[in-house]
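Both complexes below contain subunit A, partnered by subunit B and then by subunit C.
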Partner chain A sequence: MTSDLLHQILRRRAGAFCLVVLILFYVAAFFAPLLAPYATSDQDLTKTYHPPTGVVWQEGRLAVRLYKLVDPTCAKYEAEPGQFAPIHFWVKAPTYHFLGFIPVSHRLFGVEAPARLYLLGSDETGRDVFSRLLYGSRVSLTIGLIGILITTVIGLTVGGLAGYFGGVFDSVAMRGTELIMAIPGLYLIIALRAALAKYFDDSDQIFILIVVILSFIGWAGTARVIRGLTLSLRNRPFIYAAEALGQGPVTILWKHLFPNLFSYLIVTSMLSIPGYILGEAALSFLGIGIQEPSTSWGLMLSQVQDLKVFMLNFWWLLTPGLAIFITVILFNVLGDVVRDIVDPKLKTQV
Partner chain B sequence: MPSLRLTVLNSLFRGVAITLAALLIPACSPRQKLKREFPPLPKDVDIITKPPGRYGGIYINVDPGGGPNTFNYLVAEDATSMGAIGTVLEGLVRRNSLTEEIIPGLAKSWEVSPDNKTYTFHLREGVKWSDGAPFSADDVVFTFACIYDERFPNRHASDYSIDGKPFKVEKMDNLTVRFITPDIYAPFLEMVGGGPILPKHALQKFADNGTLMKAWNIGTHPREIVSTGMFRIASFKPGERLVYEPNPHYWRADNTGQRLPYLDLYITKFVRDQNASLAAFATGQSDSEGITPDNVEWVRRGEKAHNYTVHERGPSTVCNFLWFNQNPEKDKSGKPFVEPYKLKWFQDVRFRQAVSHGINREGIIKGVLFGRGTPLWGPETPANTKWFNPDLQKYPYSPEKARELLKLAGFRWNEAGELFDSAENRVSFTLNTNQENPIRQHMATVFKENMKDLGIEVKLQLLDFGTFVKKIGESYDYECGMLGLTGGGDPVGGMSVYLSSGRMHEWYPNQKKPATAWEARIDELMMKQLKTLNLAERKKYWFEVQRIMSEQLPFIYLITPNSYEGVKNRWENVEIPKSGGITWNLDEYYLK
Partner chain C sequence: MNAPATPLLQVENLKVHFPITAGLLQRRIGEVKAVDDVSFTIERGTTVGLVGESGSGKTTIGRALIRLVNPTGGTIRYNGKDITFLRESQFRPYRKKIQIIFQDPYNSLNPRLTIFKIISEALEIHFPALGLEQRRARVAELLGKVGLKPEHMDRYPHEFSGGQRQRIGIARALAVEPEFIVCDEPVSALDVSVQAQIVNLLQDLQEELGLTYLFIAHDLAVVEHISDFVLVMNQGKIVEAATAEAIYQNPQDPYTKRLLDAVPKI
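Up next, the complex of A and B:
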């Protein structure tokens, strides 16, 4: 069924486009340490708020323009005519353990110090926005996938069991979900964050904490819908047949109910991933999400909520916003396409 | 998650929205003539020396936050409330912010007895409260009776006493008050003389029935809040605006007999945050605004269009510093606050000096503050001209020096350049700071990188302000902290910081007896400067404290941003002091 679905997505132009771009994003995030010219914390205090460096074809190879700080009071840089630094490929860099165990001592591209390659400019301490965007995408992009995984597992278990067994179990489970859904989401998130923060001090742990919090808020909705779907499937003859054959509830749930819920799950997952991306961004934006020295798109945005960014036209600092925007749209469009495929009755386009 | 989605979009475009809103709201205000009352001037009126001005004009100020929480001097804790109270209630003496001299306020003159313990104030004759009731020595006695009254716990009672003994306040006659201090108290005139005097006729009834702490809250009718200051409150809408109108009985006038202030109205509008108040100023909607170094350049671009000037005031009084927790004690469960082997580094002055040498202060100033800041080497910033000691031990950025000092202290590096102590412990610590201040966050990330160059691993932990303060003031379970304190003023303000028994002696607070010889010396100097009125001597003691602080580095001082003030050009008599609010002489402002 999965390969069939993939095939169908690729046959649709919008679907194929979104899928390919998203896969590119994820590949870039996965290989961030190789692709990013600098580490997230590499500062250069002599080049703060540096505009994107121009890349030109010079003497048969790619090169970046060199800039001079002409007015330090407003971070105004000007390209120095005739001054270039060639871009080298597969350059030596401080050793880094890719995925925690593969030692990598090279980066895909870079320029020789003291020149700096800022594809998307630099931030307030001279860190490369492009590199931070890449590393930040690891948080912002995976948070949705992990979150969905957690909510789907909890939602499927609670909703499935509630729908299958009914009765007291159903009541308790559904009142539980109502309780969670009754509390305004953002306030619950902030409260949970405040209550749990003291147990998670390291920034990697905070990432996990945020996924857990967002999933905790998110599973209730999934559970309710799964329960409804299970209830309607519960009385179908094939379930009775399975029961008559003496199969246990877990087997029935896994073998007979789950495949029938699969199409629904894939659509909702696709459509709710943006919620997690935006949730992380919102938390980081409010200063209670990912924290320095880690990075995420939301954190990068929150660090530039300052009038001078607009007034002095540091537009490149807003690129994380663009990245969030594009990712959310891609997921939404892809979700729509998948929904059209698995449930043609809901098809919106002619 | 629709609510989340909305929040992000809102936040994303908030900056744009503010700018747009600021452009769309017309910058005009009603220009009706104020009806002024002209009661006769008091006998001891204070005649200003400046040439006379003209009546008229509305001065608008935009402040972030919701406005004052109370108008009650005994209750107020925050700067906004204290500012509003200071506008309506005068003290016996005032401070000329330009010259930093003590000048007469409600008292026209005063004498100090030869033993320096008795102060006699002669009040101005004929001064009236804004409701017409006469001002007298009874008000002064009443004020201090309220402050010392145990039914009304307030933060001033401990400031206005020495070793727990209060000052004696006596009424000699209707216009003479005498204060007797139990011991010599050097900053008496600034600290006590400048404190607001409360109206007995308006507050006596609350003091009698014990509800004084609830009086003069933000729901009180503005007319009941009587004033001796230049303004009285015309109206207050919490979260929106506070409008002041001239006090018809104010006791200052110009040499043509025109009673000050010249202004018709003084309005403070309240907005959500700093960005909004800055946008209001940059679009010509307010008359003055403090501007942070990173915003100066673009605000200056509007100088012509909106007819204002951005004035440079030099270094600010904000002192940013970091320190290591040197508290050797244990918590209730018997666990030491700081790992013993780390405590050994933190207590080693060479380690602290090496860290100080390793910090790129110039880089922070150039990069983060656009070149608009000053490196700090001691507890006073250069803004405090009277008390600043320029002759301190300095630690310019020099990783080589830092390495030398670390080597001397027995540290060594492995092949990867990581630093280890003599017992083979990796040198690594966690820096805590509060997350609300962006400039401090940048300093923290730069510090982390600077330390990495020395082979020291720094972990950052950003906390909300409340949690951070609890960590450094109650639970002591941290290794390194970074904080900014607004300094300035008299060294007596630092008693709780520099005395080893002090509550805010951050590196090791509440010591029973000084842990080191230099802390004992600081204790001695701080007590000495408190007990003499001779300014030169006090300076000598305080300068030595600064010197010891710069040598021993319990606090590693970082930088102070320069401060800038934008003011509309339409005002005459704008006198911008090195530190403090620029509206200190608002009564003399008039339209050009």
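Up next, the complex of A and C:
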């Protein structure tokens, strides 16, 4: 089933493209400490708002142009003609524990200080936007996956049991979901954030807090749909056949109901991951999400809420927004492709 | 067997009412009397036909016998023992004795499981001592019994025709080595040519294994062919009970006469 689905996705051009690009994104996020030339908080106050450095082929190797600050008042840099710093591969760097336990003391590429390699420019304290984008993607990309995992487990349990057993549990559970869905999402997020903040005061725990909040809001919709699907599956004769054989309710849910919800779950997961990415971005943008020294795409965007960025056209500082945009689109298109595969009847008519 | 032998199944004044509920706490505001005061007896090794039009409560009787719905009142005696209100754990031994075959061959097999897994589920529950190889051998044997091939066992339900799926459903019911099978319109969804094959298969199996059937149908023609005794049902009640010939030759109830008129005459 799973390998079959993968096969079908890869046979469609849009599906294969989105899947491959997303996998690249996740691989990049996973290997961020190796790929990023600098650490997230690696400042250089002499090179604030530095534009992306040009990369050229010079004397048989890659090299970056060197720049001179010509007007500090408006952060205007000019390339110095004929001045280059070669790009080295597998360079030594401060030791970092990859995955928390594998010591790594190299990076994939970099230039010798004091020259700086800014593939996507630098921010107001001279930190490398490209590196921060890579590190930030770890938060932004995993938040959706973890969130989906939590909501799916809660939604399956509550919705599955409600649909299977019905009765009082069903109506209480469904009123609960309605309560959550009746409160506008953003207010609920902010209220929960305020209420729960004192239990998650460490900045590392903020990530967990945000996942908890977003999942708390997200499970209701999943549970309702799962309940509806369970109700319709529940009266299928193969469920009765299992009951007639003496199979227990938990096994019936696990073996007969959930596998038949699998394709639905894949589709909704794909289509709701963007919600988590955008939710994190919104929270961080409002300053109540991810906090320094961690970083995320939303946090990076919030740090450039400055008229100067627009007036002086520091476009590279908006790349986190572009990254969010692209990721959301990729998940949506992939979700659509998967939906067309698993349920051709829902195919959107163009 | 010594006279007087206990009938395999005795049903007395069986009632199944479904509550109609509303509101947050599922308050009861009425009920559907799907089966209302029904009594009949099924002798071991015989087939009792149950006919009636749609909604008359036939399926509900079948489901009450195999405890897919809880009876509201009355008694069901199986082999002389009252099984009407047994708890699920106490009813479990009867899950091995009573089985059911469903009307809709397209929905009675889990589309996500292979034929082996579908049939093997019955073995895992009631013959837990069997190992994988033994279960595969047994599934192959059961498939052979219903006229399918052992190599069919690793395929999925959608690869089979309606008639073949019904055979798989029969194999699943046979897997627990039951004594009594509720056949809930097992041929209604099939082509006429296939209907005869399935009816003949059920008859052969009855002869070979000494099975007892409650054979549900909505037209008299199918039932007349297979049944020793026929029950005619209308709106939750049994309106006529007689041997197949008696019903055919000399129907008493006006409802039975109407049902008979609906049977195409040759």
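Basically, the second predicted complex is superposed on the first by the 348 of 350 C-alpha atoms of A that agree within 3 Å, B and C clash if a C-alpha of one lies under 4 Å from a C-alpha of the other, contacts with A are read in each partner's own complex, and residues count from 1 in each chain.
We adopt the following convention: a residue touches a chain if its C-beta (ideal position, glycine included) is under 8 Å from a C-beta of that chain, and two chains touch if they have at least 3 such contacts.
Predicted, not measured: the structure shown is a model, and the values here were computed from it.
A.B. asks: Just subunit B (first), just subunit C (second), both, or neither: which does A:Q83 touch?
C.D. replies: A:Q83 contacts neither subunit B nor subunit C.
A.B. asks: Examine A:D306 and indicate which partner it touches, taking first as subunit B and second as subunit C; both and neither are also allowed.
C.D. replies: Only subunit B is touched by A:D306; subunit C is not.
A.B. asks: Touch test for A:A242: subunit B only (first), subunit C only (second), both, or neither?
C.D. replies: Only subunit C is touched by A:A242; subunit B is not.
A.B. asks: For A:P259, select first, second, both or neither according to whether it touches subunit B, subunit C, the two together, or no partner.
C.D. replies: Once the two structures are laid over each other on A, A:P259 reaches subunit C alone.
A.B. asks: Classify the contacts of A:S105 with the two partner chains as first (subunit B alone), second (subunit C alone), both, or neither.
C.D. replies: A:S105 sits against neither subunit B nor subunit C.
A.B. asks: Given the touch rule stated above, what does A:V168 touch, subunit B (first), subunit C (second), both, or neither?
C.D. replies: Once the two structures are laid over each other on A, A:V168 reaches subunit C alone.
A.B. asks: Going by the contact rule set out at the top, does A:T46 touch subunit B (first), subunit C (second), both, or neither?
C.D. replies: In the superposed model, A:T46 contacts subunit B only, not subunit C.
A.B. asks: Please tell me which partner, subunit B or subunit C, touches more residues of subunit A.
C.D. replies: Comparing touch counts on subunit A for subunit B and subunit C gives B.
A.B. asks: Contacts for A:S232 in the overlay, against subunit B (first) and subunit C (second): which applies, first, second, both or neither?
C.D. replies: So A:S232 meets neither subunit B nor subunit C here.
A.B. asks: Same subunit A residues contacting subunit B and subunit C, which ones?
C.D. replies: none
A.B. asks: Which bits of subunit A are touching subunit B when the two form their complex?
C.D. replies: It is residues 41-43, 45-48, 72-75, 124-126, 184-186, 189, 197-198, 201-203, 217-218, 272, 274-275, 278-279, 281-282, 285-287, 291-293, 298, 301-303, 305-312, 321, 324 of subunit A that touch subunit B.
A.B. asks: Note which residues of subunit C are touching subunit A in the complex, please.
C.D. replies: Against subunit A, subunit C makes touches at 24-26, 63, 66, 68, 92, 95-96, 98-100, 102-104, 107-113, 121-122, 125-126, 169, 172, 176.
A.B. asks: Residues of subunit B touching subunit A in their complex?
C.D. replies: Going by the criterion above, the answer is residues 1, 3-5, 7-8, 11-12, 14-16, 18-19, 275, 278-279, 282, 294-298, 301, 360, 363-364, 366-368, 370-372, 430, 435-436, 438, 441-442, 444-446, 448-449, 452, 459-462, 464, 467.
A.B. asks: Taking the touch rule as given, give the residues of subunit A at its contact with subunit C in the complex, in rising order.
C.D. replies: For subunit A paired with subunit C, touching residues are 1, 167-168, 171-172, 175, 236-238, 240-247, 255-256, 259-260, 262.
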